[in-house]
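Read from first to last, the chains carry the letters A, B, C, D, E and F; within each, the first residue is number 1.
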Amino acid sequence: MILEGAKLMVIGMAIVYVFLLVLMLSVMLSAKLFKDSGTGVPLDAGASKKSRRNVLPVIATAVAAYRAKRASDDRS
Amino acid sequence: MKRLVLIFAVLAFSLGILTGTPDSFGETVDQGAITTEKTEELASLPVLLKNIATSTGIYGFIAGNASSWVYGFGMFLMIIVGFLLLYLGIAKKFEPLLLVTIAFGCILSNIPLAGINDPGGIIYYVYDIGIKTGVFPLLIFMGVGALTDFGPLLANPKTILLGGAAQFGIFSTMIGALLLTQYVPGIDFSLKDAASIGIIGGADGPTAIYLSSQLSPRLLGAISVAAYSYMALVPIIQPPIMRALTSSEERKIRMKQLRPVAKREKIMFPLIALTLCFLLLPSAAPLIGFFMFGNLMRECGVVDRLSDTTKNALINIVTIFLGLGVGSRLSAYEFLSIETLGILVLGIVAFSIGTASGVLMAKLMNVFSETKINPLIGSAGVSAVPMAARVSQDMGSKEDPQNVLLMHAMGPNVAGVVGSAVAAGMLLAVFQ
Amino acid sequence: MKRLVLIFAVLAFSLGILTGTPDSFGETVDQGAITTEKTEELASLPVLLKNIATSTGIYGFIAGNASSWVYGFGMFLMIIVGFLLLYLGIAKKFEPLLLVTIAFGCILSNIPLAGINDPGGIIYYVYDIGIKTGVFPLLIFMGVGALTDFGPLLANPKTILLGGAAQFGIFSTMIGALLLTQYVPGIDFSLKDAASIGIIGGADGPTAIYLSSQLSPRLLGAISVAAYSYMALVPIIQPPIMRALTSSEERKIRMKQLRPVAKREKIMFPLIALTLCFLLLPSAAPLIGFFMFGNLMRECGVVDRLSDTTKNALINIVTIFLGLGVGSRLSAYEFLSIETLGILVLGIVAFSIGTASGVLMAKLMNVFSETKINPLIGSAGVSAVPMAARVSQDMGSKEDPQNVLLMHAMGPNVAGVVGSAVAAGMLLAVFQ
Amino acid sequence: MKRLVLIFAVLAFSLGILTGTPDSFGETVDQGAITTEKTEELASLPVLLKNIATSTGIYGFIAGNASSWVYGFGMFLMIIVGFLLLYLGIAKKFEPLLLVTIAFGCILSNIPLAGINDPGGIIYYVYDIGIKTGVFPLLIFMGVGALTDFGPLLANPKTILLGGAAQFGIFSTMIGALLLTQYVPGIDFSLKDAASIGIIGGADGPTAIYLSSQLSPRLLGAISVAAYSYMALVPIIQPPIMRALTSSEERKIRMKQLRPVAKREKIMFPLIALTLCFLLLPSAAPLIGFFMFGNLMRECGVVDRLSDTTKNALINIVTIFLGLGVGSRLSAYEFLSIETLGILVLGIVAFSIGTASGVLMAKLMNVFSETKINPLIGSAGVSAVPMAARVSQDMGSKEDPQNVLLMHAMGPNVAGVVGSAVAAGMLLAVFQ
Amino acid sequence: MILEGAKLMVIGMAIVYVFLLVLMLSVMLSAKLFKDSGTGVPLDAGASKKSRRNVLPVIATAVAAYRAKRASDDRS
Amino acid sequence: MILEGAKLMVIGMAIVYVFLLVLMLSVMLSAKLFKDSGTGVPLDAGASKKSRRNVLPVIATAVAAYRAKRASDDRS
């Protein structure tokens, strides 16, 4: 039965990696197509600017939350 | 904890006196022993008193023992296990949302004569309707989707591969379970059981519950408890492994700031993942489909009231019932065995191998790529969102206090969730 | 109210003209009388018009009468009862959360030919899934647990005994129901029925609904309506009894300020109560278990998002369905009987005896104890949280405007909930 | 959109290479083809690989074709339809709450081999429990009731008649469906089907779903999609019709400001509507009953916590499941037919006739009445709350920027909801 | 079968209109009975005053929301 | 059957009181163990101080709510 397990492991890791590789390539393709604004797709002209504005506070918030957490953990 | 035990002892003693020693050992206890056939006439007062004494939980624990210890003392032990899980959840703050609810489900299900987990009892319904069908874990996954920001993954897609490496923990643990079966007497895991145990290494609660509810319902309790416990222990399990596999220079690698991600990219991601799923691996479609449904509701910006409810009221309600239902699988009969010990050992092996694989994969990618990755973020690929990413950040800033790895680690962290779901889907396809 | 009747009369008159007098008296009405066998061909226009007239509610009320008045005029009367309950809930603010929803369930269930309460109808499902199984009352109890602060009880544990005394109302009313059975023709309560009626004296809605759904489903409607109505009438029922049993000096007794209660005590309380329950009285475990689960989520401080949802979205959703389901038991066949009258009389007796027992118990405790208890807080032991505690405060401050009894009365008040649940568990153990 | 197609093409191509061409055409695909009988022994690696290739969605689409195109290529087309609906919901903001959820239900239900819509799959349960029984649309209707302000209707009751006229669209479209059946080969609507299609003209989602789930489940998907799509298209469909039927002077009519409405009037309205419903048309009682229950909770002022939950958490949760369940009716077998085309054509006819009837009714009322009505508010009688009322406002202010018609148009707008429910109740009475 | 449809249309529209007419009359009657405060019904003495105060902001809000919507639609 | 009722009453009240008495004793024991902070259990060192701060406002709020209620009841 351990042989069966080995088979599953080979196939399983192969499937996981094929899936994630195709996902990675698709995401890169998607980024190429949708990253820049001004490509004529009218969905949300100001989106990239807006999200640029948004990402920074998000990171800041996350870091702050993390630091607060660590601080409280250290105290306990 | 000592005080808890003390209170217990006092209670048990004082109550033992009140109820007296049962004199009908060896008979099977049937539920609600006081009932007489003709409800219009009760027994005489002394008989009635004796009947009431035999309907106490104390008597149930002792007399249940007579037919099999798992129906008597075993149930009492499982209630202790329940209180222990409460302690871990409340005092130690180990994944309290799940451990507290699982613990209560465990306690309620192991009360003798109460029948809360028998047909007609409320927790029986909860398990039957929500867990056996897979509905509750999928709804939780939808809520997790509504809570997940794939931005860091989209900003640096290469980190997806780190989320794949960590799944090696799943499959190697599966082999570990088969090895235990072969060499340890008293442990007998089928291939399905081994697969369910391996998924603990996915470090993702709903996926573990969903897969084992489909493949190995008898192990569901132990697997869930192991998965959530080790997820809480990530800050203890991972650091030594990460330190052992990396040099100080590697841990100091700074990664360039993540680019901003357009809203349209975030909308496309769940659609892309769903498309790949139905083209390549339809058996993962329930898990990935509901995950991506929740994420699309989050990102699309036009159904905010639905995503708000999904990640608040809905996920909270389902969490309560999921916990109670999973707790109902913690019966003495199924939990108090050498196999549970095996699962607990295998679980920590799974987490360790997953962590190591992620770190090593990052180092491997650095061999082939110009832009170096800090291998500390590789360990975040096991999922355990967001705990594992915090561990990466923590270790990075210990080497270099200015190094902010948190957002970089979120990429493999969420990729690990997708990776585990893919692994689970593949296992479902093989066995179902 | 007069205007409501006026509108009704006008409507009935104008519609009576529109629909004409039915000419097929004596036939049983079957649902959806217009349907022809071949759906592809309708009847001729005059026949169709007549068919439509015979599918009106007005016709249903009249023709239903022909087979038995409870299917015709009785249903109409029950709809009037529903509107009366709406009036009590909305204009008089009698426990509106339950009375408004029960009233709507009552009205919808008594509409002839609509079949909302027949198999396939939505309220039938609600009753079948949520009430018959006991799931809804238990979830409400979980929400009540998340809303209950046991602090006052923990600060002054002696008040627990007052919550016990008030349960005397339950058992004496049970005997009252048996007396009615013996001496009043047309009333025939079994022992189970009597127990269910007695629980009205517990002054606790979910407990009453749970117990009677298990022991006497046919009386569920009348018992629930009586329980919630009298809970709303507590400020009218209790004061004369309290005044009669206490002297002005007793009513002026000031109690010393409650000590602060540590968070850990509050966390331990639900665990202690649960432990006692499974050791002593497992049959009360569903009620006390879910009550204490809600309370633990409230107090433990690590699952606030779960307890928030439990005491908001979840309890609100379940309340709506519980009310509709309970309302569906208000059918003419079961409600319009001399027995309902008996239940209403017994319910007020139960509240009165419970109130008196609580007050007398407080006086008895004062005989044996140094630190005196104001007997006005004894009446709060009937539960009816927080109305009964407010009555205690009110009467106390009438004698001495500086005397603040509210928090002292909350102790017996919440103890009364536990006491009723214990009584219900004991009755379940006896009969189930 | 072009980019979406491009990505799809690339994905399909790259994956086609990965999976290879299946060599077992002509065999029926059964679910989970990889499973071997003895789960303890897997097939050899090459066989296993081949099995895995035959469990991909790509293979499913191709091989499913072999038994019938609706199980292969048809499913793929339906997934494309799902993505199209997502595009309409997200990018075009067409009723996103329903179109996004329906679209996801459609996609998940059409994934080959995943079985999400087969017995045991989560969306199968959702449909079976929530849609087939009518529970979900009724709960949505309750939420809509809690969201609806009948104030404008109560301030000017004559506008109720405009809500009636618009229902003419329902019945004339029904005749249109029968005409198509007679003259177009490949279209075969029964009388029940025709009635369900007509209800699209009611422009009210839950009513359409409820009626067609009861009368024509096979058309539920197409009818729901048509109803919600055209509701979103109201600003495009209505204006030309409204302009064609009115003169510039009529469009300039100013209406006098609405009088304030007393709280008691608002409380009485749901009770009056419910009373009329059970007296005149009991078969409409589920729809109108739950609508008015929601509205009473909103207006009565004593159960605010219930109405808050009803119009937030509850309606949101139910919307998610309703959408998934409706989406599950979008199977290739039922949707990809000439009949769907017929339904889409008839739907726009229904909206157009309803709009015209409302406008003409307003003009007719002006002939007999002193106080003139601006006929632009007649079109709001089709329901499509609040979109149609906004169209009225928009067209009015184009003629005269000072003319505020919005609140006046809300009267017929909400009356149209009641009118459609009455029409649906009448159709249920005839067919059920 | 088209004849059946026509029958249904006649009956259907008749029922819809009978129902809505009676509803209209009942609403008018209800308005007569409940419109004015000071009629001795103690339910909410200040209600009509309160609702008078409330109706105006409601309209204002609705109009504002509508205009904002139209403005954003025009822009897109 | 009334005799049966009497039996139930005796047993019922006995069980209720046994349960509540044991509960009272357990609560007293628990209070002894957990009342004071500084006993070495690290759960929440500042808890009793915090709850002391919290209990007073809770009472104040309850009393205020009650008085407001009574005032409005008197008015009606």
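Everything that follows uses one rule, which is that a contact is a pair of C-beta atoms (placed from the backbone, for glycine too) under 8 Å apart; a residue touches a chain by one contact, two chains touch by 3 or more.
Quick caveat: nothing in here was measured; it's all calculated off a predicted structure.
Peer 1: Chains in contact with chain A and with chain F: which ones?
Peer 2: Both-contact set = B.
Peer 1: Touching both chain B and chain F: give me those chains, sorted by label.
Peer 2: Joint contacts, listed by label: C.
Peer 1: Are the interface residues of chain C and chain D largely the same numbers on each copy, more than half shared, or largely different?
Peer 2: Mostly different residues form this interface, as fewer than half of the numbers used are common to both chains.
Peer 1: Which of the two pairs, C-E or A-B, is linked by more C-beta contacts?
Peer 2: If we tally the C-beta pairs in contact for C-E and A-B, the bigger total goes to A-B.
Peer 1: With chain centres set to the mean of the C-alpha atoms, which chain is at the far end from chain B?
Peer 2: Max centre-to-centre separation from chain B belongs to E.
Peer 1: Rounded to the nearest whole Å, what is the centre-to-centre distance of chain B and chain C, using the mean of the C-alpha atoms as each centre?
Peer 2: 39
Peer 1: Using CA atom averages as chain centres, what separation in Å is found between chain C and chain F?
Peer 2: Chain centres of chain C and chain F, defined by C-alpha means, are spaced 23 Å apart.
Peer 1: Quick one: chain A and chain C, Cα centre-to-centre, how many Å?
Peer 2: Going by mean C-alpha positions, chain A sits 52 Å from chain C.
Peer 1: Using mean C-alpha positions as chain centres, tell me how far chain E is from chain F in Å, no decimals.
Peer 2: Those two chain centres are 50 Å apart.
Peer 1: If a residue has to touch 2 or more other chains to count, which residues of chain C qualify?
Peer 2: In chain C, the residues touching two or more other chains are 7, 11, 15, 18, 40, 42, 52, 191, 268, 272, 276, 280-281, 312-313, 426, 430.
Peer 1: What are the residues of chain F that contact at least two other chains?
Peer 2: 1, 4, 8, 11, 15, 18, 22, 26, 30, 34, 41, 43
Peer 1: Is the way these chains touch best called a line, a ring, a star, complete, or other?
Peer 2: Topology of touching chains reads as other, fitting no named class.
Peer 1: Show me, using the given definition of touch, all chain pairs that touch one another.
Peer 2: Those chain pairs which touch are A-B, A-D, B-C, B-D, B-F, C-D, C-E, C-F, D-E.
Peer 1: Over in the complex, which chain B residues touch chain A? Could you list them?
Peer 2: My answer: residues 149, 151, 153-154, 157-158, 160-161, 163-164, 167-168, 170-172, 174-175, 177-179, 181-182, 191, 194-195, 258, 260-265, 268-269, 272-273, 276, 280-281, 390, 393-394, 404, 406-407, 410, 415, 418-419, 422-423, 426-427, 430.
Peer 1: If you look only at chain D, which of its residues touch chain A in the complex?
Peer 2: Listed in rising order, the residues are 3, 6-7, 10-11, 14-15, 18, 40-42, 45, 48-49, 52, 91.
Peer 1: Considering only the defined contacts, which chain B positions touch chain D in the complex?
Peer 2: Residue positions touching the partner: 133-135, 138, 190-192, 267-268, 271-272, 274-283, 285-286, 289-290, 293, 296-297, 300-303, 305-306, 308-310, 312-314, 426, 428-432.
Peer 1: Report the residues of chain E in contact with chain C in the complex, numbered from low to high.
Peer 2: Touch residues, chain E against chain C: 1, 4, 7-8, 10-11, 15, 18, 22, 25-26, 29-30, 33-34, 41, 43.
Peer 1: Could you please specify the touching residues of chain B with respect to chain C in the complex?
Peer 2: By the definition above, chain B touches chain C via 4, 7-8, 11-12, 15, 18-19, 31-32, 34-35, 39-40, 42, 52, 55-58, 60, 79, 83, 86, 89-90, 93, 96-97, 100-101, 104, 107-108, 111-114, 116, 120-122, 125, 312-313, 316-317, 319-320.
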